[in-house]
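Heads up: the structure comes next, in structure tokens.
Think of it as A, B, C and D in the order they're written, each chain with its own count starting at 1.
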């Protein structure tokens, strides 16, 4: 297929990617790239990473056949890759462990991170505690208000949570602010980005640390199916880290891949986060990609019920996979995601993250269009405990 | 050692245990005992149970060496058995899966369960959803108020949560009420008890389904240490299920075992849940054991910051292990548990359940009294996400 | 067997055995209510002991227990109340209905001693099934106290035969699954179960749990030797709570009128 | 190279280059402020374009951007503003300071065309580092527009030499790590870095980021050819916001007085 040669030496996925950052941090990206390349070619580093994933985060995560969900829904069998069972409750920790180990290897003592809903912030604070690093997490004032529990968790873990009052006071502004801080403290600070976004080498690095999802899935699935690959693989796409990690081993293979964006109130409204479906080419947070913006180039505030998909950009490799049509990107509304979340609850006893529910929702549609002897694998990127408040607000009286 | 012969054929652990229940449900206990004995001697059932633990709950859970915690604290190395990484966030699911599979095997279509903080309620609702059973969870009115999030989770999972307004409206009353309901619907209903308590065969059954904790620990530890066993094993004790599961393979071996009860505000106040340290022999929920009561035999309301340890009784096998002095039972206060929880957070990036924090707290004391080349294993029975509200309330302004 | 049990067992009446809670709503009320019940035809009396965790009881008796607890009535006081009842002329057998934990804390020996001293005739422990009752059974036999056995429609045949044939005082047949309380329907196959119990029992076979109306009582009169009414009576006492505390004479009159409306003529 | 750049580069003054935000607090104010800056000795002008996500800017310029956005000023309007400035007599080079995304959306070709039509002399894209600037660099060269390059104390030696020697218009030396803003201290080793830049540059070497006081400016006068002041001036404009909208003449007077207090005598 088409992706064997991306990213190129300039960090480009086709036209996408690159390093659109102030000159001040260019040296840090180079330093990072060098350290990263060295690390992933070092057997010891890889073994350490794998060991930490196993004994700290509990990997491998299982691949659970959703028997009752599949039956209820009809069509293909649905398998769930259980990233929700990771330590801290989502795939985010894979990447956080990888980057933190790299930071330690580079001799950095401080990490900074951005967070929206707080999931990556918690993951970053977690690895900072574990590896004895100081940690500052940038978070929009508005998100701090909405996610008080995660803010408290980060503080418990010893992180400093820095309120961002610029712009729309949400994730994109927190990211801007984290980059600003990085520019100011670049000499001794490691910026731990939480998704497959940002300037090169971040998208590549995050993919590297998340591809364990796909590799485990492949070996678990083929083992159960006598070497056969799944008939479709589905993942939700915020910045794109769980999806790219899940897709990684399948991109070069003949497996249909589906990325699911948040359609919010509908892609035809202005309340959505469907970056690929509705966005256009542009630069955000150091990378040329697709994003939601006005036609003048002002970045617009996305909307989704799920805080982790509520990002106006997307990782550059996804923009590339979209353009080359290797991956199909679909959009799922709040309502469809909520329905899927509830159906998964009552048929499988699994309360998934609202982000993941988008992938589940699309997998139901997909499975219905497929045969009984086929199989769809969905990346269940996280657990839904963090979303119970949101669900309670949504459901209002119904559940109370 | 001393326990090879317990329980006897009447379900006795020394004098403890037995079946102190209304005649109406005696036949159900017999039916259950027969089905249980048949099941655990059936290879297929055991394989199914092991498979579900693996592919649904994500077992084996890792044994994480707490390097920075051990270093900070001094003395022996501390290892954490990561039950917090189970599906739904605690060891409770092991037992819930086991009992639900048994219910299915017995052809029961309905399960009932009691819950305090809601952890077992969520586990029961989870397995009910997964195996297509209806589920009623009995919960004290007071606990429903305190644990609104878990109540909502149970409802999302399709369970009916029944408010118990009798007595002190907490766990013990919810248990009374569940038993009453069981008496009324005994012919088609399976009572899924959440801890190693209740009439025989429950204590034995819960131990059977929880002993995976200890067996995994033993094999993980010995593998890492060339066959050597740990120098001490520590677990918190509410009803006693995680502890008995953890202790199971070590009871017959020369390994010091420590059960940790909740001392609440102090064992010398009247605000604690230190059943073994301060209780006396009596019958509660169908079993002769130790419990907190007035000298006339009225059961008293226990207190602990951790809802899962806040139970006036304890499993009969623990009463026996206490009496025979095979296990040492210690009590840890709210304050000590909170301190340990925070220390674990900042040194290891792990937010554990308040229940588990009691075990961690005692393991710190223990480790300090031991040598650097020794090792203490602690059962980290659950994760602390559920406790963030409690912690926020406790810490007040400090973290906000 | 003592004299009071002899009278009870030799009676040819369809026996009425009421249950009330000691101390509900006061000790004095309990005395008057007990005497009223005897007057209205009670063949024996079950006297409940207030308990924090009455897991065999429904809401009505749970509330009665709370009221008894508020009066600080415990097992010892309940037993002593029997002595007062005797002094006040009560002649029917009195059975102490207590959860096992209360008995354990008082101590079985002490209980037996107190029971003897105070004129108690039997004991019923709802959470002490046949399997666990061996020791207490023996102690009771030695002390001439009837340990009342219960059988339920879910009791296995073989066990039913055993319990029935060993029963003392009377055999308590649980007429419906569930806890104590008022019910409007009973299980099918109940008659059969009662007949099997009767066939094996040397003592009167009484049916209980959920009876609240005269028609329900009639239902069992061919298959049993009597009936037990708890919740319905306790509920009436609850209704009369205030009056029982302030104007007891009037309250007792109302109570008796209620009993007359409830009970079949032959058992008065 | 155009005439305006020639004058700029041939000047022997220690060059003062101010940064202001287009449309802050109004387009008319921007014009008057620009003219005032020229009058007070500005050797060139950086005109910022309001942007939703200015990740190289500190809070002061972020707020200015919000004000500009509120005025619906965009890249195209900013360029057109230069034409007005020219008509009103502004003679110094004007550099459009824009984030890359705005340029991308307008289109590089369209930008170049508009720049030419409206008398723009240069462009500075803070998030387009040397490595990504090849195409734009070439287009600018072909269109006689200076793409202003930045170097930072963290720029590698080799790259510093390359950028310095290729620089057009002027070379922007970042005097401190971090985003734009007002600072009270600068890094050690800054002089050395500036001297290395100067040694390789064919165009004036200016120092910027964080300057806000006359003493700070003096600090660099031996090692550079001029200085850039942004946040300090923008902050003054923020203070004068209301007056600039209601009593512009007075506001401009105050602004000039501020500039005189700020600037060294030789650059006025």
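Keep this in mind: contacts are C-beta pairs under 8 Å (C-beta built on N, C-alpha and C of every residue); 3 or more make two chains touch, one makes a residue touch a chain.
All values derive from a computational prediction rather than experimental measurement.
> If you apply the touch rule, which chains end up adjacent to both chain A and chain D?
Chains that touch both chain A and chain D, as defined above, do not exist here.
> Could you tell me which chain lies farthest from chain A when each chain's centre is the average position of its Cα atoms?
C
> Between chain C and chain D, what's the gap in Å when you average each chain's C-alpha atoms?
97
> Roughly how many whole angstrom separate the Cα centroids of chain B and chain C?
It comes to 38 Å between the two C-alpha centres.
> How many angstrom lie between the CA centroids of chain B and chain D, rounded to a whole number?
Distance between chain centres: 67 Å.
> Which chains touch, pair by pair?
Applying the touch rule to all chain pairs gives A-B, A-D, B-C.
> Residue numbers of chain B touching chain C in their complex, please.
Spelled out, the residues of chain B in touch with chain C are 10, 18-28, 30, 166-167, 172-173, 176, 179-180, 183-187, 280-286, 288, 293, 295-300.
> With touch defined as at the start, can you tell me which chain A residues reach chain B in the complex?
Those residues of chain A that touch chain B are 54-58, 61-65, 68, 82, 84-87, 89, 125-130, 132, 148-149, 152-153, 155-158, 342, 345-351, 385-386, 388-389, 391-392, 399-400.
> List the residues on chain C that touch chain B in their complex, please.
51-59, 62, 69, 74-76, 99-106, 126-132, 150-152, 154-156, 159, 174, 177-179
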